[in-house]
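Note sheet for the following structure.
Every chain is named by a letter (A, B, C and D) in the order it is written, and numbering of its residues begins at 1.
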Amino acid sequence: MFTELKREAYEANVALPRHGLINLTFGNASAIDRAKGAFAIKPSGVDYAALSPADMVVVDLDGRRVEGRLNPSSDTPTHRRLFLAFPGVGGVVHTHSSHATAFAQAGRPIPIFGTTHADYFNGEVPVTRRMTPEEIASAYEWETGNVIVERFAALDPADFPGVLVNRHAPFTWGPSVGKAVETAVAVECIAHMALMSLRLAPDLEPIEAELLAKHFKRKHGAGAYYGQA
Amino acid sequence: MFTELKREAYEANVALPRHGLINLTFGNASAIDRAKGAFAIKPSGVDYAALSPADMVVVDLDGRRVEGRLNPSSDTPTHRRLFLAFPGVGGVVHTHSSHATAFAQAGRPIPIFGTTHADYFNGEVPVTRRMTPEEIASAYEWETGNVIVERFAALDPADFPGVLVNRHAPFTWGPSVGKAVETAVAVECIAHMALMSLRLAPDLEPIEAELLAKHFKRKHGAGAYYGQA
Amino acid sequence: MFTELKREAYEANVALPRHGLINLTFGNASAIDRAKGAFAIKPSGVDYAALSPADMVVVDLDGRRVEGRLNPSSDTPTHRRLFLAFPGVGGVVHTHSSHATAFAQAGRPIPIFGTTHADYFNGEVPVTRRMTPEEIASAYEWETGNVIVERFAALDPADFPGVLVNRHAPFTWGPSVGKAVETAVAVECIAHMALMSLRLAPDLEPIEAELLAKHFKRKHGAGAYYGQA
Amino acid sequence: MFTELKREAYEANVALPRHGLINLTFGNASAIDRAKGAFAIKPSGVDYAALSPADMVVVDLDGRRVEGRLNPSSDTPTHRRLFLAFPGVGGVVHTHSSHATAFAQAGRPIPIFGTTHADYFNGEVPVTRRMTPEEIASAYEWETGNVIVERFAALDPADFPGVLVNRHAPFTWGPSVGKAVETAVAVECIAHMALMSLRLAPDLEPIEAELLAKHFKRKHGAGAYYGQA
């Protein structure tokens, strides 16, 4: 039934270790079929090297497994929450990539210091508030999605295609799961560069508004002129 | 006699450089057969590329070589001490992985700053006290095991599956040597991320008790729900 | 028509990710045929893995596409500006390599701390001033070239074969595009080492004039004695 | 004539980039035949990928080329000076490996913070004084050897099998060139770890004398018990 969707989710999942974003089995990617209201996601705790497209688990937006024999990723409720809250999103990626996770652990957003960053985000990479003991004790992974959604109350997920979950790690998204993978690579890269720029200039201010707007709009929106489209 | 045990130890040893945990010939892994009271370990100073399963040396819990022509790793008495003290342990891994060793050299535990860490350890990665001149001058490698055991007087080795030996490097363990390898990878990864988080927030406090308990218990104990088991 | 020139530009472009200088699709290389007044450059936003020599786009010094079906890199006007201003330059390379970009983001030149650096640059790697809102709003990529040219008012581009664009990333050049790639590798390497030397000695002064002159002249000019030439 | 010596030097040279010690063409290795009073060394400025054993250049201890068509490495006089001063040395390696070079640029020795370091050096990795303008202006590469020899006036090159040349980069040596390569790997590794330990503990003192003696003597001298010998 979901052969193509599972292949797409599979390709995204195996791209993560290839890009150096994954340690051990930390991380997962999902792709949604909006018409059918279901998404394909990585099974829980399976080694990337052993993964095949048929292993992907398909879950509907009510959280019911509709295809696949394995347990879906334990982070599935977070993905589901994001698909419900962000209707324009076609894919979600979660990694524990090292430099981005260092910012998440410190509870700091990734400041926007250059054009590399501005090509992907319309400002800093936001960080959620810490979760409460109650949120952690109840439906933890669903509540993880909720603190992300709360952080985006006044942010457009198309302008900010990712977030750092405080004390945890990054999530990214995009119109397709392939684009969400690309953004996960970008988040790790800009986290690494921001860390070094901060070492060189501890009080470095964010880039100028004009430069941010120029670069973000080169790649996004009606006036985009980057690439072949 | 110990064909399967030696193969298991061999697989663990050659996994170490593949995971980037080994520089030169620093590091070794061992697997124990509790019924037979003997463990297989890497020979001393042999290049990983030249290793074969038949090269593994089998040593009993009194320290006698029971199979194999080569000298066992010079760290064999440390492994033996840990197998004797921690009856639930099926495998031990020792590396000089760079970031974890940096903490060991500085004599600092790896603080627990995020969920990546909490998935493996029920708190900080502990560090031993420094060894005395007497301990160093006598049975040095056996005494290395003793300072680890001393550090675990009030700690459960299942909750804390590894340690940093002060001025030296990490040891990890687990129910199987494969799991001990996985934990060695995790220790290196969380050391790297902790170092960067400390740079971003020098006074960063450890994660909240609820978040620690949640993540550790997602993967450990009766209520675990991570993976396919 | 430009088969050889396109092959040369292609080889330089695919060398960039092989040297670890490229994240995602950030970066491009171009090679000029001075006799024909045209240069070959990477197409915009195309994945390096999918690139072929025939994909290269040839643009003349007035900015007109003279060969190729794809859109040229969005950075083409910067390359064109440099080819016009620096007549001795045969190739230009742009990357977002991580350590060099960290200096560019911080708006700091790369200080010259050792002989590795002196083998390539006759002093620090310069950084441009920030661009004005007007420059950003108008012909941005052309103006990027202009701030580089302005920075070189009193510098010889043969003595300083590269620059950091403030808030952005490095550009390098050379008599051939192959040499510009080599300099891009060198810039990333010396940025990494300078960052670490600064950590060890925050007030470190640049190398002595005699040592700089010795190393730069070992490889450049009439008295060069490095290599086989 | 020197087929085996050239093969040995060749193997050492191509091992350097494989161990990640080389950027571009920085670095070279040489092996000496003491009976014949001549050593084989890498040709100058040749890409490692293009190297063959026959390309090695053989130079005698008076500095005359006795075999090979290519120019020897521009660093040949430094190697020659070391072979003359240190009669127990069978091979010399020079790299610009990043972390060790960061210490050299800063003019700081690599402090001895752990057992990894003590397995190779009987104390800190020493650094030379800066070279004078006169030394730089005259026979620069020969004088580079002289400042190393001067630094070893009161040090045994068997106890300290390497040095950092101030403002420049590391040189290592050993009874064979293969062992000198291994020490070059160790120097880069301990430089990296020392840098991180200093970040965690800026005032960290060197390891205890007993621990240093224990580890150095596990691998060196009459009481050595590491390995299979």
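Simple rule for what comes next: contacts are C-beta pairs under 8 Å (C-beta built on N, C-alpha and C of every residue); 3 or more make two chains touch, one makes a residue touch a chain.
Nothing here was measured: the structure is a model prediction, and the numbers come from that model.
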{"item": "Third chains touching both subunit C and subunit A", "value": "none"}
{"item": "Same vs different contact residues, subunit C with subunit D, by half of numbers used", "value": "different"}
{"item": "Centroid distance [mean C-alpha coordinates] between subunit C and subunit B, Å", "value": "46"}
{"item": "Centre-to-centre distance between subunit D and subunit B (centres being mean Cα positions), rounded to whole Å", "value": "32"}
{"item": "Multi-partner residues of subunit D (each touching 2 or more other chains)", "value": "199"}
{"item": "Touch-based graph of the chains, sorted into line, ring, star, complete or other", "value": "ring"}
{"item": "Pairwise chain contacts, counting only pairs that touch as defined", "value": "A-B, A-C, B-D, C-D"}
{"item": "Subunit C - residues contacting subunit A, complex", "value": "23-24, 26, 43-46, 70-71, 74, 96, 98-99, 101-108, 130-131, 133, 136-137, 140, 167-169, 195, 198-199"}
{"item": "Parts of subunit A lying in touch with subunit C, wherever the complex brings them together", "value": "113-116, 119, 182, 185-186, 189, 192-194, 196-197, 199-201, 204, 207-208, 210-211, 214, 218, 225-228"}
